[in-house]
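As written, the chain order gives the labels A, B, C, D, E and F, with residue 1 at the start of each chain.
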């Protein structure tokens, strides 16, 4: 009988939450997150959610455990306040790379996170460019994975040297690179790491041709940028001439921007799924926004037209 | 068919985990917790747990969200490695004070934490002096709540002035204070806070008689010590002459020890459920250990004799 | 697509159910509860509930197991008849005092009851003055706990001797007593029971000052009134001069009213969450109604304005 | 690591529980069931169950809701005390006839009961002659349904007139009657009720031949005996000469024995799954025991040889 | 917020799905079922289901496992696409006869199927003439079981010889036969199978009188018709003169129609819950439709008036 | 208390089940799978499983839905017979390629299958070379994924031309190809499909160098071999000289072997996770066994030493 909806923004990326609600022409829901001296946090929803659709915009970017727990507490507060359907909008899904066991006795933390979200009463998840599409299957609830590749390619198109080669920095990103290459009508090269047999040293090998050509390295997440630095060096060794990087999620930890600039990377293009690190001014970073994409999917969840994909 | 057990220690309080396994005459299980630059963590169990009873000793003390997530990851790793029964030994249970909603639209985070633990495959919980006994009912799995009051009273007995009054610092701790008063054969006084009607100022009121007598203030958790400082002042105003504090869990945040000393508190007695803050030397703190208590309950869980309570 | 709602009343307190629907200006839903010679019961909903919000008003007062099973059967019937959201309105929540284990190997029956309600398809609970607020955390569904203290205080205000002391009959009710004391701007006294060390005899001790003053004893539930009788005697011994009792839930078993009157209790004020015992006429009992409170929360659940608390 | 087992007996049929443990050569587990003045009950297990297999012998005979709640409380107590596998031994399964909806908006209480048992932590059920075998499918846990027909037939064999006809008192018991008829090498007759078309009066019709022959009416449960009385009259009208009744569960409510005797029933043979009503001496009742059957299945659950069926 | 509904038809009986939507005056939802060379199948919903009520019409007739898996895949696709309530309309419910264990260590496949349906996100089931009504209790979700007996009887009425006897082909169908007998105002006869004591040969025995009379054999499912053939022979031996068969679900496997015709069965009346076998032309089969019945219940689920039963 | 284990083999690949039990030195568990004329199946366990560890060896190869349903029925039978831990040994995991949604409104059937297995009571899964490692995360129970790459490489080693290039037939298999390349100390090439921008035609592009060299194409599953045929043609066009194929799971549908031979493939190396198609004699197929691998992991699950990986 109750109707309506509320879009709350957690503390992980309040600027994005506000951009989303601005796109939608509504106000961000009133809520307060309190942190106690012992690090415990609580959430107070300051408007009624009874029977309403509740959206909680919260990237689980660093500090990941705090942002995840805040999201779960938001959901628990909404559930106990008799909210209707609770949708977690998690533009950056932390722990996504923990999607399988690398060694025998490890957690699959992305699957654990899916279980925790469902245990907290979350009934729908919206996210952007999951590290692997299989993560959707960790959930038994609907997951809408939006692709920011279109927005990133739109930003790149017309600005790139036509000779540019799209480069996958490792074997796991070949599909993503194929997608960029197709959209940009560019050739593909693949880097992959291998240990020399009988040795522990890992070397980066190149499959494809980059000599004398500019390169666009693509990835889903830039954490400290370490892999990209190695990739740039391998491409330089193979004669590549210019370097750009495009990635959906720019965590950009530990002065990643500075280190990439130092390797001669001319541009780092990311989206606003996570906030830029402080003091990134002056660095070659460029930000495309996912706010219209996210606002669009929320509108479609509310009014029933399916989002483009 | 498999048998045996492993006791792992998380990173929250490795000293206690080692004290527990030393009490039991076994080695702490080999495991590694790795933290990545983005704050994500993973766990690697370095010995087989197939079919074994697994105990994970991990207080969820500050940083509470990291320690909780580590515990859940430990459990997920053990579950996926085909462990037998997984028991979380959580001497200090973080978020325990979030055991009800103070205002309408809040989470009940302690209940949420119980749900998360069960979602991660934990089948049994051992803890010490829960903030309220009702928290056991948040779980559908067995919870063994050990009491450290006996250990604390043992340490106090014989050292206290016989005229000492046991003081509950607020209405919620009267039962705990009654327990101490009975064990120490001492009278009881109760502080309670109330707002003056028509005003927002909260004043601390005393019920009972403390004039000219030494006081033992008792609590379950000392966080920043703010309530205790107010309590000491109220008791001083009522003519009390000496102050000691006993509490199970000494978080002792934000120089709590220094502030209590400054109010004239002669001794702060806590247990080792959480590690002491660095640089607590020179302060009037005294630590009783719960390691034998915890080791005892694990032994009894393994060999079937029920723990004393 | 279906809309609408139905408010059914179980057999525990049909008068309250009717008072609630009368407040709401609707008819109580048609249903029949049949009891067979062997004590089994069944429920027949005599109007369609497909897609409707269903409210079942049923206190789980004595005979508690029959009333609980009837509530669960109501919920099962509604669920199997494709009801929308099923809300149990349980003004008196039986087994609420079984909210923790007093000894080691006991059930936590209030938590069990929460699990049973959820297993039967109940999606929301409305109740009045739970014995402890932590019981909300036994549920993963929303629980609205209404407070009847306001209604009771409204009834008392102006009628009480200004010298009245509010008395908590044991350590567990100090918070409730504080609430009354604040609302009535009255001082507080606390009774607590303790065993003499080395003895099995339990004595009631008084903290606070009552000599020559009238007392208002407050509690959430009056069962047989045994504790209150002891409390009155202890207060008499301490020189108190007049006795009134206020409590939300008046089970008033085993001639509790007669026994309290015999101790000189001038008035027993309760609400109508449970029906009065037969033959309570002539006794000093007075009843405030919770019907407007309950009707209010149902209206707000239906139409979305949050209930005052 | 813990081993062993405990067989507890609830208050529904302590004599049977003791007969079972005597058969097994062990003592019934020590436990106390306390009933409070308000009808709430609690259970205290007075011996350790940590890691042990726990069997709770409790028929859910009248008062069915009390006996069911007691069983659930037993299970909750065992679960919270870290019992191993909890098996409910429910020789008489109350609400078994509520195994489907007769009208549209009713509960299926037997299925609800199955859900409640599983919600309380019961992991295995042992029962005797379920009203319909489909009830096993209400559970996702193992259900062992023992048949008492063998024991009842053994008691009858040799004592019956060779001309005896086995009679099913209604359409739903034809399969059971077929089983008796086969075992006793006797012919079969079927009574069934039907309303005259266009009328509300239900008449009992006979299919088969009974003239001049003694009849054995068989059923699973005798409640008040009303159907049997009608059946005897219909058989008398058809010329039958003598009447015996055999049934597994003899609730024998409301002087069923007296009424059957008054109709000329020479013998009512039941088992001890439920206790005989008081003052059944002098009546034509005869009791066969299921204790060896129940003891046998428990032994087999413990030691792994499957029970005969 | 989203509204509306979609009725999809699986590949088991597309003609019935279309008849149902035609009755409702809507188009069958657009969806494609793809089968890969390895026998795996997938489903693509070709219209939005966000927030809509989704009905999936899919009998689980042979090949039963393929049709069941298709239904579950449909549900999973709808759930992951954020459908509102998902209702499985399963006119013929495969595995319904596997509703209990005949021997000790068997599955109860009908109960397993219920669990699988619920695990796939199905929230409501509509079916026709379940083999036993207890199957409803295998579910914790609403099950609407429609009866096709009315439609079949309507078709028969006026066409039957007034001397016709309704015959139950075994002990388990006596209730169904009673229903037909009452509706048709006809007498009843019962066949039942029994083994001779001391022998393995099963013989069919007749209870009731059929000599010189036409017989209507009734059943819920005709699989290969084997039992019916035996029944006809037993009735012929007892002097019956004419044979008709009425059953809700006509699987009619292995030339059942031909074999029944060869025994002299004049008519086999079934419904369209399952498609007729190919090449049934020329056989004495007659089909009544359940489409109005199914369309009616869907309309009532959508608009809230309860279906007649 | 019960101990022991049983290894059952389903009908999908009885030869492998027998090879596994032979390796273990035990007999395959006695069980019968019955298929009815209507395609329904049932399972009868012919030896006791009470309290035992149960292993069910059943690849879900074509007909995949029948083999899956048989596995679930096996599990249900074991669960209802009070088995201890039930482990599904699924060497070939059908629907593994349905691990994500390719289009918006599809099921994630591999995740659905995981849910169904858990709903049927399966507590542990053992499988071989899952299509993607993320599938482990679809389960909340332990999954042991064995790798057959070692066995396949062992078979190849020494027989391959040292100039051989390892070829990944598409972007998704690059990681697998890297593994082979490392083990065989061979270079890598990658084929990937892309649509020409503005066109619907998909072309296969080669990254890497194969001219004049023999190629080893590697994959996890060979279904009809269509992709491999295209790959061989693309490699031929690039000047490669010889072709071998290695894959774990050889479904080899629709004369895949004949078609690969016709393209000049000299050898197709697979394992026995699925049975060879009939009439594969004379074709260039070669089979390595996984029986020791599977037997090893079962032994380790029983006796606690972790399997090598």
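FYI, a contact is a pair of C-beta atoms (placed from the backbone, for glycine too) under 8 Å apart; a residue touches a chain by one contact, two chains touch by 3 or more.
Quick caveat: nothing in here was measured; it's all calculated off a predicted structure.
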item	value
Cα superposition of chain D on its sequence copy chain E - rotation in ° rounded to nearest 5	180
Pair of chains joined by more contacts [C-beta pairs], A-C or E-F	E-F
Centre-of-Cα separation between chain E and chain C, whole angstrom	50
Whole-Å gap separating chain A and chain B, where each centre is the average of the chain's CA atoms	38
Chain F residues counted as touching two or more neighbouring chains	3, 48, 80-81, 101, 104-105, 108, 111, 115, 136, 140, 306
Contacting chain pairs - touch in the sense defined above	A-B, A-C, A-E, A-F, B-C, B-D, B-F, C-D, C-E, D-E, D-F, E-F
Touching residues on chain B, where the partner in the complex is chain C	99-101, 104, 108, 110-111, 114-115, 132-138, 140, 171-172, 174-175, 178, 181-183, 185, 188-190, 192, 194-195, 197, 205, 207-208, 306, 309
Touching residues on chain E, where the partner in the complex is chain C	3, 5, 53, 124, 136, 140-144, 300-306
For the chain F and chain E complex, residues of the former touching the latter	36-46, 48-49, 61-66, 68-69, 72-74, 76-78, 80-81, 94-95, 97-98, 101, 103-109, 111-112, 115-116, 118-120, 223-224, 251, 253-254
Residue numbers on chain D that touch chain B, as the complex places them	1-4, 48, 50-52, 79-82, 121
